[in-house]
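Following this line, the structures themselves.
Below are two complexes that have chain A in common, paired first with chain B and then with chain C.
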Partner chain A sequence: MADLTAKTPCAGLLPLSIGTLTLTEVDPGHMTAVAPLKGQTSALSEALKTAHGMALPAPNRATGKDGARTIWFGHAHSLLIGPAPDPSLAQYAALTDQSDAWAVVRLEGPGAADVLARLTPLDLRAPQFKRGHTARTDLMHMMASITRTGPQAFQIMVFRSMAHTLVHDLKTAIEAVTARAG
Partner chain B sequence: MRIICPHCGARDRREFTYQGDAVALERPAPDAGGAAWDDYLHNRENPAGVTRDLWYHEQGCGAWLVVTRNTVTHAVLTTDLAATVREGLA
Partner chain C sequence: MRLDGKGQIDRNSPVSFSFDGRRYQGFAGDTLASALLAHDVRLVARSFKYHRPRGVLTAGSEEPNALVTVGQGAAQDPNIRATTLELFDGLEARSQNRWPSLEWDLLALNDLGAPFLGAGFYYKTFMWPRAFWEKLYEPVIRRAAGLGALSGQHNADTYERAHAHCDLLVIGAGPAGLMAAKLAADSGADVILCDEDTRTGGRLNADTQEIDGLPGALWAEEITAELAAMENVRIMTRTTVTGAYDGGTYGALERLPHAVASRKGAPKETFWRIVAGQAVLAAGALERPVAFRNNDRPGIMMASAVRAYVNRWAVSPGRAVTLFGNTDSIHRTAADLIDAGVHVAALIDARPDATCDLDLRFYPGGQVCDSAGRKGLEAISIATPSGIDKIQTDCLAMSGGWNPSVHLTCHMNGRPVWNPEIAAFVPQPGMVPGLTAAGACNGQFSTHQCLTDGLTAATTALQALGRRAAALKSPRAEDTPYAITPLWSVPGKGRAWLDFQNDVTVKDVKQAATENFRSVEHMKRYTTQGMATDQGKSSNTAALAVLADATGRSIPGTGTTTFRPPYVPTAIAAMGAHAQGTGFAPQRFTTSHRASLDAGAPMIEAGLWYRPSVFPAPGETHWRQSCDREVGMVRNAVGVCDVSTLGKIDIQGPDAAKLLDFVYTNRFSSLKPGRCRYGLMLREDGHVMDDGTTARLGEHHYVMTTTTAAAAQVMRHLEFTHQALHPEWDVSLISVTEQWAQFAVAGPKSRDLLNGLLDKPLSNDNFPFMACGPASIKGTKARLFRISFSGEQAYEIAVPARFGDSLFRQLVARAETLDGGAYGMEALNVLRIEKGFLTHAELHGRTTAFDLGMARMISDAKDCIGKTAAQRPGLTDPDREQLVGLKPVGAIKQLTAGAHLFTAGDAPTRENAQGYVTSVAFSPTLGHFMGLAFVQRGPARLGEVITLVDHLRGITTRVEICDPVFFDQDGGRARG
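Moving on, here comes the complex of A and B:
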């Protein structure tokens, strides 16, 4: 058996810091798609509260905090990030392991929303897109998940295979926003 | 052109993929007969006016939608989840 070395999606690409903005890779831990079985959404939310301390998020919302978070991830499913899913969830939801399938990065600093404005058609400024808000949208033609995790911080996810493109596009936009500010 | 996704809200057209007439949700019974199946498979209206189509929110939530729009004015009139529309037909 070959001796394999685990690498994160953005290994060798991050962190980077330009002006007042930073882009870092997040080690998400486990990632599990949680799709409620028909009619079991409320029961699943209760089980999630009991097991992991957070409710199932409504569409376009995230619950929990750094280390254990559930984000709405699209039609009829959410993504549990951090802990391994408690076995009790399985009676109310289809659980699919997504660990290692997504690149997860954190963009933080003044002007973070301006950086994303160059890459996605959504208005992600604070009055529109508050802490705990999440969206599935287009980020430079990549299917992305964007969540506001702080006043000037976003978690951004794309398929792992697109990690290099994500970092390139974010870096280019950060440089442009920083140049305009200077 | 913007489409209002029932989950995601108003989104740019670039996030969606067009599939075709929403008649795809009304598949005839296996024994419905040749005429019904001919209509279902091949015969489409091409209205100058209101039409109902299936769209996929590919660069968003991944839901299939029934979008009712006007081909003359380009107005998007209503959008519903295809799953909800289908349940209504059952």
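Moving on, here comes the complex of A and C:
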């Protein structure tokens, strides 16, 4: 019997480079949904700090950095991205493996915010959406998670099954922005 | 005629274009209108109803006459205003609503029939016979009257939608808008400045006033350059703000210049949603015509437009120009024409006390009462105290005063107020929250007033934003007082046009009043005044003034009609950009999608998901052949099917069992870890919402399965139950649908197949029916469930989605060595109907557990959502339609879903209906069609032969009511 071989959500679709903009698939490592048990939010935050070096993020915020990051992921959930969850977290939170559930891409380059402006109603102006800000929002017709990871860089996540549509929609918007720039 | 030396056109960049097939040359900076006027082309359109010759009336987006069609085939774009259409090399424009040509339009005969074709004509004439309206009258009328036409093909152009955010949105970049933007920008606010023109400046580009000693257009250019250099300012030209919506949201349509739009990937237009903290409306004002007999001939134009063509585009619309009006606008135009060396034949100022120091024939207190000229103006008649004077002229510039562009302020149903000083409607503060009007649209007509009002409005907006206004002084500019004597229509016989676009005359409005359509809204519908692409921008105020006069009321007492978005015609293609075809919704692909396509499987949509219908084998030409084979494969060997699309909800926490007991009719707290159970979920109203199996993975850990298309609904239901009904429960919910690739392995050989793959072998004892638990494949962690939707011994194996493609290919390859293979949705459906298993064809929202024969699944020992409502007598009435099976006994062996059922001998009418068919399939296992249906008192009627009638497909046959489980009624095969 052959081993099972792994395929990433955007296999065969990315990377993409048009004009000054690049779209690449991110290997997020482990992704774990972390939902605090009743009354355990601060204990969980402490445990997260001890184990992974970052606090539990407030709504619409991300903590940590590339490689080990926790992003707010909607009502009562955060998503630990990068390391495998430390077993100590389990006593404070429901942990659910989501490593394979999301397509994760990185949009980078001058005009990245203009590209997203074609797809999401988020206010992405720098003072309103800084590095470390994150949101669950619409991306065209998909529900998405968008996090600013740099001055001209965003991490975008949608359901794995929608990877094809994600790349199509982003590519269309990148082409339009690039065409305007001339 | 083109003038020398003036204007904002680039004479070094000639541009060639065609109109109605004739080639012309213009310059960069021209509009189609200015370029045609430069070539003395005055006849550019035929009117809506009477097909009267029409020419350019205005120089802006309010143009009612000069509409053209651009583009060919699918890209044909009708009703483009020549006055805002930027000239580009190769532009091909065509006139509309004429046959066979613009010059010789046979439908101009309508004009001779004018006495019969006035307002209300259609309503009164085409009343009978009733059926003729749709089949005869309407098509003929639509052919004879109208504007441009769409191609009837799918839109071929690229459009775009986008979002923008700012502290202050400034709408209009004339003097008021520029000052407002500058002050807000200097004060540190994020500013978006929109203008529908190709450049900023507004009227400054069309007029010759100076600001701070500079020509107005140059001043605008300088301040624009300053703004453009600021990081907090975004200038959007060619962008019309089309509507004001809730929460400080504004719609705006941006037209990209042809040179940009023709690049690969670039859109033709972008529809913006701009969210602004505050807005300043500096939309300016529109000059209004005067109604007099035959005031619609080509060559009769707005005075402000004539000025714009002379100053901005260096075009004189005539060689002997006359002017008529009731404000100083005509004097300004006369002065600019004289300056440009154009002959001015006469100036007729309706104000008796008017004076004029220009060197020309001057008629104070005169009124133009008629015009002559077949396809263009040749002469006008002037009513003076001493009689009628006739003057030769090829262009009449008229002005009836100015209407502030209050449109956007009315988009939330606010009403403007009448200002008798300027004989116009002006906005009141607060009509749109967060929007302040400034400048001409606020009734401030001198340049000086506009500049200072812009500053005032910006200061108000900044204050609301919590910002300190920077110090900025208003520059020096003219401050001529606005003097107007209202003049709506010149008395006299004949037709005097109010609404050029809809061919509505003074007579039509009076007729409306006579027939008691006295309300302004009724008058509008009766006459069609103010409808179509220009939405009555030039005609509304005059029409209601005439109505007020005819009904003996004041203008404010008569009131205005309602302005609604969009301010200018907006392509639906722009508002719905990228949502055409497959762009309508995201596509969800399973991990086995590629492998299924490789196997030649046609896809069907289930919700947003794409699932294989069948996997055709070589030689199979019809889906039924493939389906029958796949069913046989599962019944006799083993089949593999991707079931990842079913919703999977992970439920964790000490109160997980409580939640499940509350949402399901049956108990899950009693389920042992390592086991699955079928569950039924009700809506609050007692009807069935969904069904599925839930597995208990641990003491505080369950995984619920939902129907594919009901996944979101069930998730929402669980969240509502937790957040709103029982927030005290310690439980957390998350969808894991996307995390796992899950495959059904079904059939007598399913265990053999899996045992060749799993690290630990299965037996019927160590993993019995309805067991679940962890498994592994060469070290890869998996989840295994012994559940069956086919009635066979079956498993569902789930692996992290990254391995889905690989596992599916291996499972299918192994199945094929065991005389099995992949099966699709068609076979899945046949297998479940053979077993009487349900889908949302049966759980369609109007059925109860009682109807489904599952009343006993509602546990007596506990409460659940929907339990009480399900006990209502109406929902447990034995006469209700209940689930049964059907098999054919008549000559016709085919059953159809959607057919209705009747007691044998009854007429197949609605009153006699006994029930309906929800699912049908041909069972290769049993060799005949079978159906699931709901029949009144069904379970009590087993064996009865009834009539099936499919009124839509024209099928009538006899069927026997039977048990809904057609195959393996004791379920031994699944347990074996």
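Points to keep in mind about this one:
Heads up, the rule we're going with is that the second predicted complex is superposed on the first by the 179 of 182 C-alpha atoms of A that agree within 3 Å, B and C clash if a C-alpha of one lies under 4 Å from a C-alpha of the other, contacts with A are read in each partner's own complex, and residues count from 1 in each chain.
The rule is simple: a contact is a pair of C-beta atoms (placed from the backbone, for glycine too) under 8 Å apart; a residue touches a chain by one contact, two chains touch by 3 or more.
What you are looking at is a predicted structure, and each value in this text was computed from that prediction instead of being measured.
Of the two partner chains placed by the overlay, only chain C lies in contact with A:Arg118; chain B stays clear of it. Of the two partner chains placed by superposition, A:Glu46 touches none, neither chain B nor chain C. In the superposed pair of complexes, A:Asp169 makes contact with chain C only, with no contact to chain B. Of the two partner chains placed around the shared chain by superposition, chain B is the only one that A:Pro59 touches, whereas chain C remains out of contact.
Contact with chain C, but none with chain B, is seen for A:Gln128 once the two complexes are overlaid on the shared chain.
Of the two partner chains placed by the overlay, only chain C lies in contact with A:Thr5; chain B stays clear of it. When the two complexes are overlaid, the chain among chain B and chain C that reaches more residues of chain A is C. Chain A uses residues 75-76, 121, 141 to touch chain B in one structure and chain C in the other. For chain B in complex with chain A, the touching residues are 7-9, 11-12, 14-15, 57-63, 81.
Residues of chain A touching chain B in their complex: 59-60, 74-76, 121, 135-138, 141, 143. Within the complex formed with chain A, the chain C residues making contact are 158, 160-165, 190, 256, 260, 263-267, 273, 275, 578-579, 584-591, 609, 650, 652-654, 719, 723, 730, 732, 734-740, 756-757, 777-778, 780, 799-807, 810. In the complex of the two chains, the chain A residues touching chain C come out as 1-9, 33, 35, 37-38, 75-77, 94, 96-102, 117-118, 120-125, 128, 140-142, 158-165, 169, 172, 175-176, 178-180, 182.
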